[in-house]
Each structure stands twice: as structure tokens, then as C-alpha cells.
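Please find one structure pasted underneath; my questions will follow.
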């Protein structure tokens, strides 16, 4: 889960990493006050999208009156689909150089990875690989200062900057562990007056670890529809097609989306109804699919823990209450297949046993076809 | 370094280990107030000596007036040589059972050791070994709850108590690590209303780790003389004899004390003048020895890093300022031996080159002899 | 024969008294798995499906000589359970729960490596060796059949789909291994492939991958010296970047983990890469005869 | 021959630019030690006594192929220095500083075990092999002589006293090892005795112990199968309980660590236990001839 910049900066400060003076502002008055206290400042929209600066989400104010005006213009504005509600007023820096540093998890090596570059200030993907230094952490050892000295040496830093970097990486790794971070990134890691300072910061917390961080505010970044399904406890991603999909298990749901596309259809969503979904959440999720007003609904179930009769019951429940006003294609095999198929047939719904013809039929019903 | 009970209890509370309600009181008025708030309470002298209870350092008060009287009697009293300055008022417990638990370092295995017993409430040395359960911690793994469940199982605990113990030992080990403890002990670990609660606690912090615990108040438990030498930065232990001793290196100082006793003398102190002591601290330490008014002073130096001429200079400096009004025996060998011996001889002090005759001579000068 | 799990294993179930633990213990017993007991703190003395329940792994091992454990405890307690198994000498730990913090998984995997133990998962359907009538996992019992194909998959239900089509297509399985859908899991395609390489009964392997990470690319490198036919199917062709497709690990992030680079690497390594799950059987038939 | 340290070692000095580091580097070079360089963060490019100084152990090793390191950094930085050496593959680390937190020492020692490295100290005078003209430590150079006696000691100056009396008594030394005066140190009497047992040139061993802990009692058990004469001298006979005699480890606590139990155990194991340091030479003469 991404954290707002002001929260990430707060975490850095708590761990003794230098950050510019700054504060959260909720309205133009507070913005004026902040600039009165801090001096010339950047007003930064607190939204969880990248490329904020280019989209007009970072503006400057040199005096309180200007700050009031800029803040009035920014608060409430739309930034890449998100409404700006709060700003972070931060003292302007005379930046001499811009570095990059982050800690993430290396999935293949299964250990944390520190990446650093003297070419910071842009997205790390845009930095030439030869300019990035990678150093892996043995989680049983952690990061001691020597790790940072080695990093500084690889980067070619010397003197004060080398020393400060060695100190900083110890703290950054401490944040990574303590906050269960997926990513903690300082970019740019600015040089100001010959010293390192975190000009911008990102902190993404591992969703699975939120139980250990009770004070972290839960932010669901999804669309309204996505949030609705997430609340049922299911994984849901909105896509831009018109064939709504439900499957059980993440892999099956992905394969189902792929299959629709394979036959020339356009999937409207990814929905994993769970590895052992019972009647109620399945029905709720189906309700959401109906509410999307798709052209076709395709349900693809391989019953393992999931029982086919439960899925059939969920379908019938929705059919008999909300109603399903669009063509429905069901593929149903596995545990309690007979019972499930029988239940559906009683209601006039015939089920497929193979995935390919079912997906193909769903695309046909949409009126498309392989193009 | 030992911590006062009230500080140890505070650390337990911060880590979520249940403790009785309590507070520090500095005078009879505060004692009365505490009992008004807490109810019937024990008033416990905050001194760093064992066997406090038996020596009258723990008394009870059931109402504010009584508390005022008891506190007035306790504050200022002498407890095994320490003046009672503060009390800890703690709600009285209806204790059903008394257990013991501690975390220390096992020097041989070089890893932390958890000891627990269902026979608590007395010093652990007085508990039969068969009633003590020992479980070692792999410092690379730490203590996870299963460790506590295994401990509870070995102790024969079940149900709520087993669960609470498993939880408690995780927290106790966290304290051990975070506070650089030599010892963290709960004794008695009381059962009250079927739940565990830390009725008394000890926390000794590793002196060498105090640089990591800047807020910990430094308490030198030694006598006035010991404190004086510790301030010079040297190791010093007061003994009850009359031959004052200085040697360089802890092992040599121990051996010197032993040697005096071996020849029938009574050493007045242990003083390690350091592995590479320079003139000034050596002279200061010698000044302290003189101030003790011993019968003889014995200086035993094997010069390795320590230079014999530096030691000679320190002796002459003291001789020429404070004066050395008692017989002095010097053994001086090793680095710069010639220069050192020459300096002393110029001042009319002859030096031994072997330890045995020197120690023997020191005892003879005392007027004793091997008995 | 089979890899990693045989009928000689002695299996305990950590979290045996929970709903999942009870249900799947029954399924594992029904399949023939030598389950010898279970662990559930505070529940010692009771029994589940006739199996003794212990408070600790230590006690369970003392009585049963177990050497394998399947973990069903809720995610926040999974690290504790895994370490309890590992520190007590269990050599095969199957971690079923999803939503285990990644840092916990890293700690578990690092410790297992140190102790020479095998961790499968977390967030896995487990492992099944049909010829041994033995499984540690939550997969349906009826879809597998003994035979010469090794299967290694990231995803559960998708692997069921493929295993069932293999069975129906006449291809039984030596062992089916679920790596798990999390970013950090105990096994890699390579570590499992290595077991299949060593197993004389495994004639060919089906890999079931998906978007995210670069496990497939790394596996491709290894495949060059693998020496047995491999069919690969990967899911997530239609997935947009930056969105998690259910699995925490299935995400195209910052341009990495796309299906394109994975399929390219596998193709170059000589694997037969198919586009849709129902194409696996035909591709396998061709790869084996070819 | 010698144990643990020979003239083939390639030694770096961590903290070489400090006062202690500079002084003892000079002494080590004077003795003949193959010191190849030093480490001092921020000082790379400079030199000390003609030796190159590096910012990191990594850089030092790349240039010098060092395999041993002696650490002189202040105690708060000692864990960092030790791990830097260990993680970079140094196999012999001598830790001179005193006042290193015990928890740091535990972490260092545990990691060294894992990596198969040898840690001597902390709070030690080091190790010296006179026949090899090689030392890593702070002991005076002139008191040692090549010969057939192994010495293992907890205390520094006391070991000098005894080594010097050995040299004067005609008993040269194969190697003198300082275990260190802290509660937790890398070596035990047993680990060092084991090296002396394997060394054909070591004909007898002198153990220098003291109050505190139970290292001597544990060693006594090992001595029963040691097979070479052993003379033991222990300090702290007159020490009162509960008082630290200089060394953090030299304390009789809660009735444990008394000289009595140590001497009894060593006597029973067949060691020749003497009461005063000047009795070691005679006892050794008798033990060897007897």
C-alpha cells in the first residue's frame, strides 16, 4: 500500500534521515501560514500517482499571499483522476546534485536489494543500467555501516557524502524492516550545501503486513467499483472491455481474461472469486458484475475447494433477486459438478465443461469474434 | 549496571508485560497520595541490594495515613549500607503462585539463556536444580512464541498460564536485546486471579553498551573510594586488608592480590592501572592509595604497553607532591625497565625484578608474615 | 517415483484443529498421505480424525518422528509456525496460508536454506505425488493420476485445470509442485526442475507460470541444460501494468515481469510455449514424440 | 610450527590510522608479521608505515588478498568492523578492543561460526607464534621465544608474566593465544587446546585462567583425552564474590565461577595446577619429565 509523501517523510524524520522543513496543509490559509514559517516553499499535491510534477501537482510560492493563491488553485483540482485534497508545503532547496537510493525485495534472490545511483531525480527505470549500483542484503545480517561504505565506494562517493550515505542506508534499511516496506525510496536524494537530504520519498507498505501496523491509515487506491469488490474480500481489477468475468483462483482468473482476449473479446475485469468461495460472497461479486452492465458475463469455475453447487446457488440467487439481464456463459467442472450443473439446468442455464468453447461462446454472444 | 526496580518495572510496562499499579514516591505526602489512588500498597525501598524484604526494605500500608507514617520511617533509613531516598508504592497483590523467569547470557555457549521455574519467589540459587527449566536462544533466530510454548510445556503449564508465559517470554527477550541486558529477571512472576503479573523485576544493563542507552542514568554502586578511582577510568575494588596494591592489567592485579594473601598479608584493594597507563592517571590512582592510609603500598608492573619509566615518573610525582608516608615496594620489569629503575634509584627507591620476593617483602614490611 | 514427497514421509499438520486444518487433514488421509499427528497450542490430548494433537511441534516429533509439516495457521502466526517446524528439525515445510508478510517469508526461506530444509509456498496449493498416494496440500484428490510428467506451477486452480487435462489426456504425473503466488517463496522453477531432472521416472515437465518477477527468465537459462522436454504455459497475457492480478507476485511493475520477455526466454531455451491452458496436452504429446 | 597464525597469513589492520592502530602496526611489522595493509574509512590513498590504507575491507582484500584482520576501532564500532571482515571472507579476526557490548560479541561469534571463521577476543592481547615471527596483537615483542609450549590465557599482562618466565626458564612457545577477558569471546580453552593437540610441535600446554564463568571446568572435561601435559594457573583466589576484578568476565556471581571448583576440576583431569604464577616453570618441567 502506497503512503502519502508527507507520511513517508515523517517516517524518514523519525529515523533520523534529514528532510526539508515541511508540513501538511489542508486549506489556503494553512498554506499561507506554512510559507510564513518556512519561507519560499513547494506546494505538493498529496496524491498517490507518479509524474505528479509534470501534471502540475507541484507548484511554488515565495510568500504567504502567493501560497494562499496557489493552494486555492490546487486544492480540489483533478490530478490524473484523483482529486487533490491536501498539500504538503516544503521549504525550497538549492539542490546541487540529485542521487537515487531505494530498498526493495529481490524476488529471485529472496533477499532485500539496495539500489543507488548518482543519476537521480528521474524515475529509476529511465536511468542507464550502468549508472545503477546494486547491493544485496543478507537478512540474517542486516545492514551495518560497512555496507553503506561499500555502496559509497562503488558509487565513487568520498568524504562527507560517503559518510552520510553509509549512515543513511543503515536507517533506510531499518525503515524497510520496521515498516514492512515493499519499497522505500528517496528520489531525489539531494545534495544541498554539501550534505545529503531527502527531497522526495516513497514508502509502500506490504499489504499483508498491515496487521503489524495498526496505526497506518488504509488507503484503497482502486476505482469505486474495485473498492466495492475489495470490501467483499475479493481481488478485483477493472479492465476496459465489455465481457465481465468471474473465476476462482488468481491463476484461473488471469487465464480466463487471457482466453477472452484470445478469442477476440475484450474482458471488462479480473475477478478472483477465491479458492474456496462460498455462496454469499460469490453472489455479491456477481451482483457487482451485473451492476457494471457488461455485454456478457462469463463464469469459469474449476471446483477444487470451491464447490460447483455453491457457485450454482450463488448464480441462481442473483438471477432470482437482482436478475441477470445479459447473456450468461457458465463453465463448471470439479467438486460437486453434477449437483451444480443440475441446479443450473433446472433454471434453464446450461453449463460448459471445457474452458475453450465456453470462452469462445462468451465472445460470440458479445457479437464480436476473432479479429 | 543495575537498574532500580521502578525503572525495571517501567521497561516491562512499555513492552506490554503486566505489572501491578505503582508509582515512585519521594516523601511521606506522596506516599499517602499514592495509597489513596492505588489502595493498600507495598512501599518498597529503591536501593540496589538483594534481600531487601528481609532487611525491612518492604513494608505495607492499607490507608493514606499509614502510608505517610511508614514512608516517614523508611525514607532516610540505612539499608545494608545504602541510604533509602525513594520508595516505590505498589498495589498489594493477592498472589496465588510464584514463578521465576529470567534471560541472561550463557558465557560458555555464548548465547542467551532463558531460565524459568514454578518455584519462584526466592533467589534462583536457592531453587533445586531439578525445578529449573533452561532453554537456550539462537541469537540469529531470536525468541518467537513457539519458544515460549515449549518452555511452558517443559514447566508443565497449561491453558491461560501457558499462553501468557509464551507471550511474556517473547517480550522479555525483546527487552534483553533492546536494553543490552546482562540480566532481566521477573521474580516472583506472580499468578493473580489466574493471570501472570510481574510482582518484582530486576534489570541489569551491560556497562559496555551504555553508549547506546543515553537516557539511562549512570549509577556507580561502589563505595566513595571506588567511585573516585572509577572516575579516573580505572578498575578498582575495595578489599578489607591493609596492603594497598597497584598493578597493570586485570589479570596481573588479581594475581598480585592473590600473591599478597599467599604470603599471609591482607590486600586492601584491587587496582588495575590499565594495560597502557600513562603518567597522569597512574599518579592519580597512587594518590588514592596513599589517601587510604594503608600499612604498605605494593606496585607490581610488567611493562608491555605500559612503560616502566612512565610508572617511575608517576611514583616520583606523588612522592614529591602528596608524599608517600608508608613503606613502598615496587616491582618493575619490561618495556623501558632500565630507565624506570634508574629514575627510582635516583630517588632512593630500589625496585624488584621478580614478583615473588617483592610480594613477600611487602607482607614483611606490614609486620605480618605467613600464618 | 516422485520428487520431494513420498509415502515414506511422516507428516504433521500445524493448525490441525482449525476449519481448514481439519478439512484438509481428512482429504490428505483419504488420499493416502501418512499424516501422523497435528499441532494446535492448548489443544493437546484431543484428536482430529483419529490423529493425536500436540501443543508443540517438539512434542509431536517426540511421539511421531515426523519429518514433514503442513502449515494452516493464520498468516500473522505463520512465521512462528514455520520456525517452530524448522528449528525442531522438520525438513519439508509446506506453507498454505496467503497474506504472509514478505519480510516473514524472507526470514523463513533464509533460515530454511541455512538448515538445509525445503519450504514450499507460502500461498501454495502444496505438493502431490500421485504414484505415492501422498499429498501435502489443498488440491482436489480426484484430478491427478500416476504417470511420467512433472508439473511445477505458481498458481493453484490453474494448475488443477492443467493437471486435470493432463490426466484426461493420458498423461499422469510424478509430482505436482505448487511454488505459491507470493513474491517470495521457498522454491524456484529451477530448484524444482532440478529435482525433476534427477528423477528417472519424470520424462517431461510442464511449467505453469505467470506475469511478475523473472522466475521464468531465470528458469529458461537453466532449461538449456535440462535434457528433458518442457512445455510452458504462462498466464496474464491480457494483464495491464501496475495491477496485481490476485497474487501479490503477479504484477507487471516498472516494465518488468511481462509475459513477452518470459515467453521469449523460454522459447529460446527450447521449451514448447503454448498460449492457452487447453493447448498443453497437444504440445506435450508433440514434445515427447519429437 | 604454530597454531591458527603462521607467517603465511596476510594481515590487515582495521583502524590503522588511529593511535593504537599505528603504534601496534609498527610493532607487528617489527616482529615480522606479514601486514599487507590497513582500513580506515575516509583515509584511502594515505599510508601508514609504508602500508596502503583503504576505505573498506573489500577494497583492501581486492588489492592485498588479505585473509586475517586485527581490529583496533573503538568498541561502539567493533561489531561493524568485525562483520565487515567476516562478510568479506576474512577467516581470522582478532578483536583487541575492550568494552564491546556482550550482545554484539554474541552476534559476532555466532556469525563467525556460521561462516567457519575464527574470532580471537574481544578484549584480548591477541595471538603470537614466535617461531613464525608473526603476531596479531598488542603483546610486547621481546618476551617470547620459539619452543614447544602452547599457552592459552584469558588475561593479557598475566600471560606476559608467565610467557616471560617460560622464556627465561628455557621453555619457548609454539603459539600464545589470548582468549580475552570478556564474558563472551570467540575462543574457548577447548577450541584452542584442540589446535594444540593437533600441532606436533606443541609438547605441553600452559593454561592461564581466572575466576568467573565455567570455561576452566569445561576444559577439564576435554583434558581427560588431551594426551599432552598441561600446567594450569588461575588468578582471583582472593577475590570477593560479586565484584568484577577488572575484566567484565572475572566475577564470582551467585556462587558460580569460584577458583575452588575450577582448580578441583583441572586437578581431577590430570592437569598440574599451581597457585602462583612463578610456580609455572617448575611445574612444567616436572610435568614434561614425569
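Going by the order they are written in, the chains are A, B, C and D; count residues from 1 in each one.
We take it that contacts are C-beta pairs under 8 Å (C-beta built on N, C-alpha and C of every residue); 3 or more make two chains touch, one makes a residue touch a chain.
The structure presented is a predicted model; accordingly, all values stated were derived computationally and were not measured.
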item	value
Shared interface partners, meaning chains that touch chain A and chain D	none
Pair of chains joined by more contacts [C-beta pairs], A-C or B-C	A-C
Furthest chain, CA centroid comparison against chain C	B
Distance between the centres, which are taken as Cα means, of chain D and chain C, whole angstrom	50
Whole-Å gap between the CA centroids of chain B and chain C	55
Centre-to-centre distance between chain C and chain A (centres being mean Cα positions), rounded to whole Å	27
For chain C, residues contacting two or more additional chains	111, 114
Multi-partner residues of chain A (each touching 2 or more other chains)	138, 140
Arrangement of touching chains [line / ring / star / complete / other]	ring
Chain-chain contacts as defined at top	A-C, A-D, B-C, B-D
Residues of chain D touching chain B in the complex	75-76, 98-107, 109-111, 114, 125, 138-140, 143, 153-161, 164, 181, 183-185, 188, 208, 210-215, 218, 235-240, 243-250, 254-255, 275-278
In the complex, chain A residues that touch chain D	138, 141, 144-146, 149-150, 153, 158-159, 162-163, 166
Complex contact set, residues of chain A against chain C	105, 107-108, 110-112, 123-125, 138-140, 177, 180, 182, 206-209, 211-212, 235, 237, 239, 247-255, 257-262, 267, 270, 272, 275, 302-305, 333-335, 354-356
In the complex with chain A, residue positions of chain D that touch it	41-42, 55-59, 77, 79-81, 83-84, 87, 111
